[in-house]
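Next come the structures, one after another.
What follows is subunit A paired twice: with subunit B in the first complex and subunit C in the second.
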Partner chain A sequence: MEKVITPVARPKTAEPWKQISFTNMVLLVLASVVPLGVALIAMLAGLQFELALLLVFLPVQLVVGALVGRRVSGKRGMSDAILQVLVIFFAASVFVLLVSVVWSVIQSGLSAMSWQFFSQNNVYISQSTSLEYGGVGHAIIGTLLLVTLSTIVTVPLGIATAVYLTETRGKTRSVVRTLIQALSGLPSVVAGLFIYAMFIASGITQYVGWAGSLSLIPLMLPTVARVAEESLLLVPQELRNGALALGAPAWRAFWLVTMPAAKSGLITAVLLGIARIIGETAPLVVTTFAANGTNLNPFNGAIATLPTYLYGFINSNFDTAVQRAWGAALVILILVAILFIAARVMTRSKKAKKKAGK
Partner chain B sequence: MPSLIAEDVNVWFGQRHVLKDVNLVFPDKEVTALIGPSGCGKSTFIRTLNRMHELIPSAGLGGKVILDGQDIYEPGVDPVAVRLKVGMVFQKPNPFPTMSIKENVLSGLKLSNRRTADANGLVETSLRRASIWNEVKDRLNDPALSLSGGQQQRLCIARSLAMDPEILLMDEPCSALDPGSTRRIEETILELSEDMTIVIVTHNMQQAQRVSTRTAFFLAEDGNPGQVVEFGETEQVFNQPIDLRTNDYVNGHFG
Partner chain C sequence: MSENETKPVAERRVLRAKPFSRSDRIFFKTATAAANSSIVLVTLILVFLAWRSWPAFQSQGIGYIFGSTWDNNPEKMIMQIGPMLWGSIQLSIIGVLLAVPMSISIAYFIVFMANKKIGSGVTILVDLLAALPSVVLGLWGLIVFSPVAAGWAKLLHDTLGFLPFFANEDGNFLRSPFIAGWVVAVMIVPIIASVTREIFSQLDRELINASLALGAGRWSTFRRVILPTASGGIVGGVLLGLGRALGETVAIYFVLNLVFEVNWFNILQAKGGSVASMIMSKFGEAGPAEVAGLMAAGVVLFVVTLLVNSLASYIVVKAQPWRK
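Our next item is the complex of A and B:
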């Protein structure tokens, strides 16, 4: 005998844990409206916006939130409300800061954008030359060359460090880990001055591209090594054991099982490392200096990069020079954005593949 | 002489003595079950048989494990060569997530840098021996993680079988699986025992009785090192145990 079970439409009350009484609803609305109102009144009375936000809105919101929280769900509700107010307030402040940084770069840099800003170099351009002439083409090329050079050296080194830390039982692992952490606190100008003292002040070479690349390596290395280490640690031990139990030498087990499993994390490590150094200015000012012409050879002569270009124009009395500097900042921002989007796409495509498999 | 013998195996983790004087002889082409309560050292012991034990940082070992007449812990013996002869299936299915079903079966060859003239044939034989061929033959190129837990475990068995080991170690292979998958793996074990030696750790006493011809009962009392309390024909260990503690354990009085 066949039994028919008819489905019933989902009622509005299907989430009993979210039901809230009318009084509590009113209280919650009050808790979110009252502090705003008080702050507005304070501003109308002549208080500055920032002061009103910090000295009126935040304290009032804390007190009202705490009282309502206590009324709705007791003591726990009170601490919950206080923490929520603090977390949301400061998270929002950071978000506003971030957006305003990005926005001001876009706003100020946009006026310099044009095709020739990307394609031309800085030869015959003075601080007062109109924006219709010259551009950052030479600096884009220089940045890409130097970053590529640093990446070629740092990525194998950084991943090898991560492999040493996660896949071996080397006795000096804790020392290496500490040193890598210390290196990540190294001020970039110190890295630059070190290379300057070693190769340029000592007369071994003039200002040259490779010296800049060299000074970027200690800045990039800790980022690559640590992110790669994290991603290798995420690979379950069972996979390594499975590979070893099949009779694989350790290096083959790493190459064919562990590394592919950590692939997206390793790609992220490389991209974050690049993003870390692409905007570095100080070490480049003292090692590669600046150039107006396009230099395709990082092993011969001074070379321009976006950060040093920016540095050369930003402290000018001429509006056009300042606009050029903002333009260069926007170009750096675009390069970094491309990198981060690439990282997202590469890591997501793997998850999507997994999902499709399931 | 049987091809696998454990002689006076002792195990330490750091300074802690966890296994004392284990002497076991594993008859060729038979299934030997290792039973005992949690923490008695049976999983630790099985890992000494293919030198996976030494991968644990604080591990220490005494005694001999004799494989084909040679002590595998003698200096100069390559652990990789040992593991090629002694396959292992783990408690939790661990197919390689970045590989397809077919690639998983062939992964052992790739990992040990060997080649085969007939890859497709090897894939089919291995999957058939692990009795999973019919379920996966139409989707060999699907990711291994698209299989169910029970299928993943049988895929791992097939992966070990593709290396044609003399001995197969199984460390609680069914503890993460449902009864249906468990039954299928037990059938596979019985079929495999016709041409290879199998050592299986299990918590499930019915399972030990169903699949094994010999049983070793491990016990660690009150923080003492674990020992083999009784070793004999499965029939005898379960029905007429000599040691009182074995009797208590197989009848469910403790553990």
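Our next item is the complex of A and C:
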């Protein structure tokens, strides 16, 4: 007879370090409530929010936390509590800043949203035209065109760079890796100036869409190359060796084994690269000329993009213009969010597959 | 019999890893060419910018870096970027000072305090912050953040105004390096945080557990074990953030008043500088000679950020010996 073993839940007492005595529980609750209360009272007494936060809440929280820490786990508890309070305070401030950015973009951007904001362009629109007319349709098209163009050039280049870094034993690998990392900090305006110096100042072309696309390449390349490298590194060496041992030439081993295994990572690399450049402004301001009309040809004439559209409306005294700017910001944010979620889904599905395989 | 025996020793076989088929050679050559294109790219950027900016360097001499006048009068053009250069450095210092505690805290929180779910959620948030385009942050900085931060600046001035840092003569707290420094901090927090998180999460767990088992608390583990082991990576991350801060263009352009007069440390005064933003603001209506001057600023900026970033990536790589 086969003996059936039914899994038994681990008894709670097996994790004694997770148990907190009742007094300590009360103390912990007190430690998180008291400072808030004191700060609230101080604010009701007429203290400014920032002052109440910094001069009342934080010190009181530190002192109370330290006292409770001392009571709960002795002398060391004091410094631990102080560390935790500070860490959470700083982390929370980052969170507040981020939420403030996203929230203000969504809130102010929604007021500009309407169907024609997506479908119309900027012809006959001045800074004070009411929001019922005009929109970012031309800029969305322009952004998509330019970004597509940059992507077409950058993705093979970036992935080939990653291949060089992971699949070969080339001599310049460390140099390339350092330069790629250094390029990721390339000031965007310098990238624009470079293309300007190369093509526009030398009279090869006027302000034109493809120059903008070119200026985005040095900004996108490091992201694509780095993320692609990471994902290729994750492919187990045994897979490659197996393919090579079976007699596959290196390129087929890469094409049929390594690349499919790293597919989701490579797609993530592309998506993150696009997210990196989709909101770039400075290089486009230097190399393209923002048109008001819709231009479907990035190889000829002025072309508008979302960032340059936003840039054009931002510093205005008219509320409508500023609202247009917020609207464009929201559109950029939505595009970035879509790319981001897609990248997340890609990496997520890979992990899920791995788990299922085990 | 044995003296006659000469064993035919095969020539020692050399194992070669060189690709022998033509298609493989093409494959590897393509990869090598693509990878070396980044070297070519950096060289090209330097060459073209230096070439176009040569007239400016020639006519302005060393004063280009240290002087503090910008006069685009075509007959007697004076272009000197001293205040902008100092402004960039000043903003980066403010930004890094503000960003370092926040980013180390958030990395510590993700790796050592939060459980897995919350940790990965916060990681996504930090990555999202990294993906916010700088023009969006500029808009936010100009319209939402500046008034709030001006309030903070006024508070600082009212309470600590006796310190020379927080002096303010005209009661105008907008468009000051203080505010721009905050915006820069928001931009570089995700960079420093993600590098630090990477380093933290790859630290030897046994080291930390050993420390905890010996009775050290969170604080002493952090101070005596985590920080010393991770310091290299943190420094590298900070330098990467510094490089980004030096090159930040659009956001600063909106929230900072660019003035060609060196403002050494009055960070609440509406008087600051930034090389990148200066290029952006002057580019629109610049004539050819002035464009050469702006190109020269681009060269300076590029060289500085390239040095900072190369140093940073070198340190980050050195700090992760487990990655080859």
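Here is the rule we use: the second predicted complex is superposed on the first by the 325 of 358 C-alpha atoms of A that agree within 3 Å, B and C clash if a C-alpha of one lies under 4 Å from a C-alpha of the other, contacts with A are read in each partner's own complex, and residues count from 1 in each chain.
Simple rule for what comes next: a contact is a pair of C-beta atoms (placed from the backbone, for glycine too) under 8 Å apart; a residue touches a chain by one contact, two chains touch by 3 or more.
Worth saying up front: this structure is predicted, and the values here are computed from it rather than measured.
In the superposition on chain A, A:46 makes contact with neither subunit B nor subunit C. Taking subunit B and subunit C in turn and counting the residues of subunit A each one touches, the greater count comes from C. Once the two complexes are laid over each other on the shared chain, residue contacts for A:236 go to subunit B alone; subunit C is not touched. Of the two partner chains placed around the shared chain by superposition, subunit C is the only one that A:95 touches, whereas subunit B remains out of contact.
Residue contacts after overlaying the shared chain place A:156 against subunit C, while subunit B stays out of touching range. By the document's definition of touching, neither partner reaches A:203: not subunit B, not subunit C. In the superposition on chain A, A:260 contacts subunit B only, with no contact to subunit C. When both complexes are overlaid on chain A, the residue A:7 reaches neither subunit B nor subunit C. Within subunit A, the residues touched by subunit B in the first complex and by subunit C in the second are 169, 249. Within the complex formed with subunit B, the subunit A residues making contact are 169, 236, 238-239, 241-249, 252-253, 256-257, 260-261, 263, 353-354, 357-358. Of all the residues in subunit B, the ones that touch subunit A in their complex are 50, 52, 55, 57, 80-81, 83-84, 87-88, 90, 92, 94-98, 107-108, 110-113, 142-143, 145-146, 156, 159-160, 163. For subunit A in complex with subunit C, the touching residues are 48, 50-51, 73, 76-77, 79-80, 82-84, 86-91, 93-95, 97-98, 100-102, 104-105, 108, 156-157, 160-161, 163-165, 167-170, 172-191, 193-194, 196-198, 201, 218, 221, 225, 249-251, 254, 272, 275-276, 278-282, 285-286, 307, 310-311, 314-315, 322, 325-326, 329, 332-333, 336-337, 339-340, 344.
Per the touch definition, subunit C reaches subunit A in the complex via residues 17, 19, 21, 23-24, 26-28, 30-39, 41-42, 44-45, 48-49, 51-52, 101-106, 108-109, 113, 122, 124-129, 131-140, 142-145, 151-152, 155, 186, 189, 193, 215-220, 222, 240, 243-244, 246-250, 254, 276, 279-280, 283-284, 288, 291, 294-295, 298, 301-302, 305-306, 308-310, 312-314, 316-317.
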